[in-house]
Amino acid sequence: MKKLINDPTNATSEAVEGFVLAHSDLVTQLDGLVVARAGGAVAGKVGIVSGGGSGHEPLHAGFVGVGMLDAAVPGAMFTSPTPDPIVVATKAADSGAGVLHIVKNYTGDVLNFETAAELADAEDIEVATVIVNDDVAVEDSLYTAGRRGVAGTVLVEKIAGAAAERGDDLAAVTQVATDVNANMRSMGVALTACTVPHAGKPSFELADDEIEIGIGIHGEPGRRRVPLASADEITDMLLDPVVEDLGVGEGEEVLLLVNGMGGTPASELAIVYRHARARLEARGITVARSLVGNYVTSLEMQGASVTVLRLSESMKELYDAPVKTAALRWGL
Amino acid sequence: MKKLINDPTNATSEAVEGFVLAHSDLVTQLDGLVVARAGGAVAGKVGIVSGGGSGHEPLHAGFVGVGMLDAAVPGAMFTSPTPDPIVVATKAADSGAGVLHIVKNYTGDVLNFETAAELADAEDIEVATVIVNDDVAVEDSLYTAGRRGVAGTVLVEKIAGAAAERGDDLAAVTQVATDVNANMRSMGVALTACTVPHAGKPSFELADDEIEIGIGIHGEPGRRRVPLASADEITDMLLDPVVEDLGVGEGEEVLLLVNGMGGTPASELAIVYRHARARLEARGITVARSLVGNYVTSLEMQGASVTVLRLSESMKELYDAPVKTAALRWGL
Amino acid sequence: MTAQLNAAWARRFIDLATDVVTTKRVDLSELDRAIGDGDHGENLARGFAAANRAVQESEADTVGGVLKLVATTLMSTVGGAAGPLYGTAFLRAAKVSNVEAIDAVGVHTLLDAALEGIVARGKANAGDKTMVDAWTPAVEAAGEASAAGESPAATLRAAADAAARGAEATEPLVALKGRASYLGERSVGHRDPGAESSALLLDAAARAAAEDSA
Amino acid sequence: MTAQLNAAWARRFIDLATDVVTTKRVDLSELDRAIGDGDHGENLARGFAAANRAVQESEADTVGGVLKLVATTLMSTVGGAAGPLYGTAFLRAAKVSNVEAIDAVGVHTLLDAALEGIVARGKANAGDKTMVDAWTPAVEAAGEASAAGESPAATLRAAADAAARGAEATEPLVALKGRASYLGERSVGHRDPGAESSALLLDAAARAAAEDSA
């Protein structure tokens, strides 16, 4: 294992510390590694909190700031945070207007945020929760844990964050987040596995000529293993199930997010984007907004995911609204 | 070799095409893969052009836009562009106020930009050139090719770009770029090599417990090979020669850039930043500005570089000025 | 009444539990690497080390007092799925054992409460390839042993052995809950890490009880 | 005057040169991988393929006419260090050979002009471990051969053989120019890729001349 770390035990805390120092104009660090918007809760504004295992940077701390998250809760590497720091974040985000928890659909995240919400409720903070589950690689059914939350999370955070910033109340912000989640689907591929520092070896083995389709963002294996193929072919394998599951078609407008898993060069993401866009356009779908880069990563994993979000006029407006965070910034 | 590409021959052109499509609000594509600021040359403004081999994304195309570059010239992978597209870019950037070429100090880049400048001159475009050579890993002497241009290039582009945007004339913009280059030093490390698509195998071999100190950004081997060490120790190996060569000390203000080589997780860059900052502060040096991320990469190489720029008040002002590009954006 | 289990037993249980999850840290993570995200051993080692420290520093003198401390510490140090699940299990167990000593029936009641807590939080059914598949037979075996008049130590031993068999029996199953469920059919042939750690914990409880009554 | 070299020779030269850099593409890049960035073979293969196409499509009927076309095509397709260096070499060679045919002295003049072009652009000295170390002995050998009254073909053969020896002799050198210079002492023991490709190109020129006079 080759990593720029010191003791694996401290990797997360040192990374958070470094991040906060580098972005002290935007964020501040609270107990339990919580990263909160500099200047504290904004009076009258619904607070937005998200969190989850570390190793997905810039998610979530990179999205703390004006127009997006009020606080982020980084857990241990790939491990959901415990309720305590979630409560710390929730308190920091609350100005009396309530707090929305944006939670990726993993048993650990759901259970820990659930407990935190109960604890916050006991302190009279109103908490609403939106579970993000955009990953079409996983079968969704009543009898399973359901679909995972993956790259689309950044879109929920951006758009719900903008709704909160504009002054929507908790119910309205929650509705916006729910709408975004309902209108997006994602699917990812891994070319290589990643290595969690304390594990010291790759999270799964992949032969030199194999790729993993439907990969999650925690180094967990994907839906199926197929031979290495061209970028265009791989893009089709990701995009087609996304489009089909979302049921998006001719005449609709979408946001196309091509997300890097961490170790993939920007040029390769651009190649995937190019083909995905052409394929959407060939179906008569308009790519009205685009986001290409490393937003929801799996450490140094090589690979990418494709997310399609069906856009409404109001979503476009909220997406375009100013944002000022470490990893997403425009208009400010 | 595992990459999200189609035919290696088209990797660069498809990546540029994808990039331009994803950022059509900021840039437009000209002949020879040249990426130019949308809307064309700005009347009365000095044009800023940079370029070089591809594989360093977001450099240079990611920095085309308001407040930074007017045009970028991507060469083949890790290969300097030829003069023709540099001339195309120079013409596109010129509004009559002349054009500054920002060139990384590699024989190929220097020679091709030199020829392009002659050709532009023949068409009555005034061209000035600044050669960036911030890499302290390489001995500088009259008898050698001199120091390489590496991650600091992004700082020259940002700060000179701001000077041009504010209306400085060609001589003044050139002076700003020269000052920035003179006041910064960089040094990098590779944990893994990278693979150029058409080569199909890693650019050098590195054992599982070895790292390469003083790595360049073209997959060329570095200054020396040492055993894998902790992030703090590696950071010292990079930072100390930088500080010494720059001669920066107590009471001075600097910008600290921790640049990822492409395949390194953001969390590891934050860990390097944390220690580099502490070490600078321990010497009484103030880290007044910070930049942490993938700015000048080597495809999927794992590793990082540390750049220190001695800041003057006017440099700070120019650095803070609004910028609106795909990879660097604030204030707009 | 040496046959009853008291706070000393609970302390020794947590001590042995900490030992075993620390020793088996890599093995548990390896099981999790196959069908999950490879952190289960790490999560439990971190959590039990903290829980054990908390227990040692406290003066809790009831079974439930010790277990409650374990519950809150696990809840706030483990994270992931296992943190809330084990946290709730210990919390529910603590609620029904807030006495100085428990007998064999008390052991059954305690284990039953723990299982109920896990199911309440995780909503898994038996056969979903989760820790529930270790706890379900364990509770059943403890019920039979206590009804048959076995000692608390023998009751725990029966539960631990049943849990071990239950953990092994998760191997051919298709996971329907937790991270392993994302693998679908590909989860077949691997043992569920949480079922395995549950068996190890119950074994630690049984060993602590055996020492106690020796 | 069959012994003189004309446009047909130049065309055949470029054809053979394209062949050899294409065949040796991987070997040249491999040399460059050791002490540079591994693209030299790729760069030349791309450039000469374009140059050869340009020559075939053109009606150039002087040695210099052919070489100038090669120069501008290399300049605009190779990139990197080799593009401008070879481009300038061919451009300078073209300038002194803009005639229908050249004799042995003309061959020496042409090679000398090429070397001057390389030095003018790259500022490398002999011994810096660059292509200059192939061209310097080549020009010298051509000077001697032409002065001794050898045929153009024999003059080119002498130059090519000297270039090959010169390329080999770069192995023990420490690089002082180009990308390999960043390696300092670590460049020792590797042959310079540009010197090697220069030797291959001169060999192609000599072979074309030999065919011509056969």
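As written, the chains take the letters A, B, C and D, and residue 1 is the first residue of each chain.
One rule holds for everything that comes next: a contact is a pair of C-beta atoms (placed from the backbone, for glycine too) under 8 Å apart; a residue touches a chain by one contact, two chains touch by 3 or more.
Because the structure is predicted, anything quoted here is derived from the model rather than measured.
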Inset, instruction - With chain centres defined as mean CA positions, report which chain is farthest from chain D. - result: C
Inset, instruction - State, to the nearest whole Å, the distance from the C-alpha centre of chain A to the C-alpha centre of chain D. - result: 55
Inset, instruction - Measure off the straight-line distance from the CA centroid of chain B to the CA centroid of chain D, and report it in whole Å. - result: 33
Legend entry - Cα-centroid distance, chain C relative to chain D, in whole angstrom: 76
Inset, instruction - Indicate the residues of chain D shared as contacts by at least two other chains. - result: none
Legend entry - Junction residues of chain A - those touching two or more other chains: none
Inset, instruction - If you connect every pair of chains that touch, what shape comes out? Choose line, ring, star, complete or other. - result: line
Legend entry - Residue ranges of chain C in contact with chain A within the complex: 29, 33, 35-39, 42-43, 46, 75-85, 121-122, 176-179, 181-184, 186
Legend entry - Of all residues in chain B, those that touch chain D in their complex: 53, 75-84, 106-108, 111-112, 114-115, 137-139, 143-145, 148, 196, 198-199, 203-204, 216, 218-221, 223
Legend entry - For the chain A and chain B complex, residues of the former touching the latter: 2-7, 11-12, 14-19, 21-23, 54-55, 57-58, 62, 191-192, 208, 211, 228, 230-232, 234, 258, 262-275, 277, 290, 292, 294, 297, 299-300, 302-304, 324, 329-332
